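Both complexes below contain subunit A, partnered by subunit B and then by subunit C.
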Partner chain A sequence: MVLELQKPRPIWAIMFSTHHTDIGLLYLIMSITFFFLGGALALGIRAELFLPGSQVISDSMTFNRMFTVHGTTLIFLFLLPFASAVGNYFVPIMIRYKDMAYPKLNAVAFWMIPPAGALIWLGFADFTWYATPPYSSIRAPGPAADMWIFGLKILGVSSVLGAINFIVTILKCKHPDLPLSKVPLLAWSFLTSSLIVLVAIPSFAAALVMLLTDRLGVTGFFDPARGGDPIAYQHLFWFTFHPEVYVLVIPAIGMMYEIIPRFSRKPIFSHSSGVFAFVLLSAVSFSSWAHHMYATGMSFTEKTVFMVGTLAAAPASAMHVFNFLATMWGGRLKFTTPMMWSVGGIALFFSAGAGGVANSAMPFDFITHDSYWVVGHFHLFVMGTIAFGSIAYFYYMFPYVTGRMYNEAMGKVHFIMSFVGTVMVFFTQHVLGLYGMPRRVFDYIPLPEYVVMNQIASVGAMIIGASMALWLFNMIYSASKGKEANMDDPWGLGGKYYWPHQAKNPHH
Partner chain B sequence: MAKGLVFLSLAILVILPTLQLASGAENEAGQYVQRKVEIWNLFFKMMTIAFTVGAVVSGTLIWLVWRFRESNPKAKPTKYEEKGEW
Partner chain C sequence: MVVSGHSNWPEWIYVGVVIALLAYVGAEAWNVERIVEHAPAEAEVIKVIGQQWFWTFERADGTKEVGELHVKKGHPYKFEITAKDVNHAFNIHDYVILQDAIVGRTNAAWFAPDKAGEYTIQCREYCGLLHYNMRATLYVEE
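After this line comes the complex of A and B, so read on.
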């Protein structure tokens, strides 16, 4: 337990600490701050799309800037740092070591993120989170675009440093009595996702340098007028960012693996199949990047290879879902807030996966490409699965971080509103895509179907926004005035826990 | 490991028919737009599979939540609770 608000420590004692729980806490606070900033932009976007024509945003350039920063923020400044928060806090405890392998490097990795976030937010670039060339290399206005590029570069280095730290900590610092086969699945999820980071990030790191030198006029890698090829950027980008999806989703599944057995009052059904599925997902994450690029004129053979590669992720994902179901089977389920968020996350994970399987068929992909189907699909993953798993774990770790219990009723209302809102927004966006509405548009044709479906999505987004405001209130109120938690068993479940305050190491 | 292989086999059995349907397209430029009917046909077939599997898995999840919730009159302590081992 590092933060007891009744007996606060000086803020600099936490800020300049290299202890893993302090770094975890810093990651947690920063990621949630960016969650609310990125979420506010989403509400602005949905308010604008409530009706055709200009509503609350004055021009399309501002709209482009908003969804660019929205996407960049929620992926790189919320989801990734949130996973790091959980990993930093719990992985050393789970593998029974005093800290991360390289505590100072850990602090450096964290402190690279705030300046990167500042670059992204102060620049407010307009070329989408994908930095679309040739627009990004030729015409996107600077210094916004250049600040975005530097921000992403810094975040990439931070991710690599964090990944090295997790890998070394888990493989080299775990207790000698703890074989890898017994390492909890949450720690396994960080091991596998860190390996993906190490392999995937260099490709985008190179692409960013090439993009910057293109913008400086030194090169023309992605500029067709100078003999360059924008499609090359797509390959470099998606080689990093398709696996990055798994970097985000694997820790979220790991978090659910902690919660589902705990609140089912049973051990996980199959630890080995969970490990197997994590490793399999890591491998196949590199076999499907070009499914984002079916429409770029690849040959039929290439497309088939990537379609099969994409489908290869389905068995591994299904193994996780079946493992969760089998764990719950025969249990005695206590539906506290973390459990509700986890079960909701599993349901939406399955829905998002089913949409992905359908979309991997290339003829179908030609219809949905760059339509709202794609927006619905990936948001169902990042919000419905990854954010749901993350918020579940947030509630799960809350008593151990603050020493207090959150308000259970508010937590449940938060879940119900978010679940309903998520279904309203992202399921509707799938259908909107099938009706042909393109993504990344400031305005749309006033077809009755478009208007109604956009309104359903916007109302859903407002419901999510209201639920998150409730979450913020619950966090602040409960952290300062909430009931004191029973640190041995906050939910009255029994069983054994990995709790920080129980760790025998004097460093804790 | 055996359980893992069973899971994998079951999952592949679900995926293979989908794969076979999806690989029916060809590569000539312009054909995809002209073959709209076939594409929608493929989509409906795939969605039939997706909805069938989805209904089974989602139905199982909903049933599990209903049947094994602790407030269900049939709920009883798991064998692990008595030992405190999980």
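After this line comes the complex of A and C, so read on.
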């Protein structure tokens, strides 16, 4: 049992520790810090778009820098490290080992992230999170762009180190009595997502170096004026970052697999189908990268291949949704805060997936591509599914980490406000896209449809912002002054549903 | 596959239904795209050039228009789209025209406007400082 906040230690004892729970705690605090920083930028963006014309931001360059850093921060400095926090905390416990396989490497992988975050924030680049050349190689202002490139390079190395650690821990350090097929689905999610990281990241790592040398003027890989090909960058980029979507979503689904059965007071409907869907999802994640590139002038055959590859990802995702619903079916459900966040996340996951299937159809993509539809679509994944699953798990692990209980009423209000806000922002953005509003714009034509939709979205964003402020208060207050959690059964479910507490995990 | 001691057949039926739906979406999309991709032979070619932050339209006879494009209703046009400095995307949303304008490449799209009026042409790929304002007007005339 780990009661970090009930056994006060000097801060450096946690910072220089290599124990997996300490590193998990560091990941947790850092990722949530960046969540609030990136979220603040989102509120700035939504405030600016409340009305056409310039509102709170004086010039478009600042706006462009804001959405670039918003995206980069929330993907690389919130979602990924949050998953690592949960993985570090719980994977060794679930596979019954004393620590991660390489504790020092684990600490190194964590400590690479804050400097990378500092580079991204101090640089404040403007070329969007996917930094396409030739803009990024010949026009984007330095040193911001170069700092972004170095920051991403460091984050990539950190991801690879973390992935190696998870794979070795799960495959080589699990208890001999525990067959791989019986490993909990949360640990399976880290195994599959780490395998994707190892295969996917090198392609973008290469592209980043090529982009940097292009910027320095020594090469022209992506510069048509020097015989290069800007489309090559897009292939290298999406070969990493389409699978990366699954790297983010698979651990979030794994977290829901921990929560749903406990609060349904029923075993998971099918453990093996969950494992199968994870493995299938990680394989098909590599079959769809160029569906981001239909409009670059791809041939009909290429588009068809990537459309089929994209559709192939749907059955595996649908199997997860089925598994969740079948687990809840006939269960004695208890809608505590973690359960509400998980069920809300599944509903939004389904919506996001349905939008994705529609979007993969070639003719429809030419309506939605690079419009606000896409913004709404992927935010339903990153916010609606992944952040919802992550916040659900945050509430679920709260008593385990702090030994105290969060305020349940505040947690529920947090969920309801966030869910309403998320629907208001991102469903509306789908409609905005159908009206033809391009993404990444500082200003828009004052059509009445655009104005109304943007205002609904901005109000929704402010509701989410307010709910997150409530979360911050709940976290800080409950961690220090909350009432003691009943560690055998924090939610009064009756029975041993909160199993991590029963697991014996010796400190080294 | 059965671990929890119950039958899995509802899941297989469900997966079958999902796959059938996906196959329908895919086949329909394939069919529509196959039909809309080919420009008619008699279409008039208009060269579209994107650069930071305006559009230039050039016809076969050498006449040029900047920031506006005049076309005739009911007449087919084929756009040959390229860019001069960085990537842009040529978009007439009302006629579902969207193709990236890429330096060193020419992408094609075609349309035959069927309604007279003014339409917005915009850039839909981030291209820097004034990307949000990179617009032109399409005039469809009788």
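Simple rule for what comes next: the second predicted complex is superposed on the first by the 489 of 508 C-alpha atoms of A that agree within 3 Å, B and C clash if a C-alpha of one lies under 4 Å from a C-alpha of the other, contacts with A are read in each partner's own complex, and residues count from 1 in each chain.
Going forward, a contact is a pair of C-beta atoms (placed from the backbone, for glycine too) under 8 Å apart; a residue touches a chain by one contact, two chains touch by 3 or more.
A quick note: this is a predicted structure, and the numbers were derived from the prediction, not measured.
In the superposition on chain A, A:307 contacts both subunit B and subunit C. Of the two partner chains placed by the overlay, subunit B and subunit C both lie in contact with A:267. Within the superposed three-chain model, A:473 lies out of touch with both subunit B and subunit C [touch as defined at top]. Once the two complexes are laid over each other on the shared chain, residue contacts for A:16 go to neither subunit B nor subunit C.
In the superposed model, A:363 lies in contact with both subunit B and subunit C.
Once the two complexes are laid over each other on the shared chain, residue contacts for A:224 go to subunit C alone; subunit B is not touched.
Shared-chain residue A:128: touches subunit C; no touch with subunit B.
Once the two complexes are overlaid on the shared chain, A:351 sits against subunit B while remaining clear of subunit C.
In the superposed pair of complexes, A:322 makes contact with subunit B and with subunit C alike. Judged by the document's definition of touching, subunit A residues 267, 269-270, 272-273, 276, 300, 304, 307-308, 311, 314-315, 318-319, 322-323, 357-358, 360-364, 366-367 lie at the interface with subunit B and also at the interface with subunit C.
Taken in their complex, subunit B has these residues touching subunit A: 1, 3-4, 7-8, 10-12, 14-15, 18-19, 21-27, 32, 35, 38-39, 42-43, 46-47, 50, 53-54, 57-58, 60-61, 64-65, 68-70, 75-78, 80-81, 84-86.
Interface of subunit A with subunit B (complex): residues 261-262, 264-267, 269-270, 272-273, 276-277, 299-300, 304, 307-308, 311, 314-316, 318-319, 321-323, 325, 328-335, 343, 346-347, 350-351, 354-355, 357-358, 360-364, 366-367, 494-496. Partner subunit C is touched in their complex by these residues of subunit A: 60-61, 64, 126-128, 132, 134-135, 138-140, 224-225, 229-231, 267-273, 276, 295-297, 300, 303-304, 307-308, 311, 314-315, 318-319, 322-323, 326, 357-358, 360-364, 366-367, 369-371, 435-436, 438-445. Residue ranges of subunit C in contact with subunit A, taken from their complex: 1-4, 6, 8, 10-11, 14-15, 18-19, 21-22, 25-26, 28-30, 32-34, 36-37, 52, 85-87, 89, 91, 93-94, 96-100, 102-108, 120, 122-133, 135.
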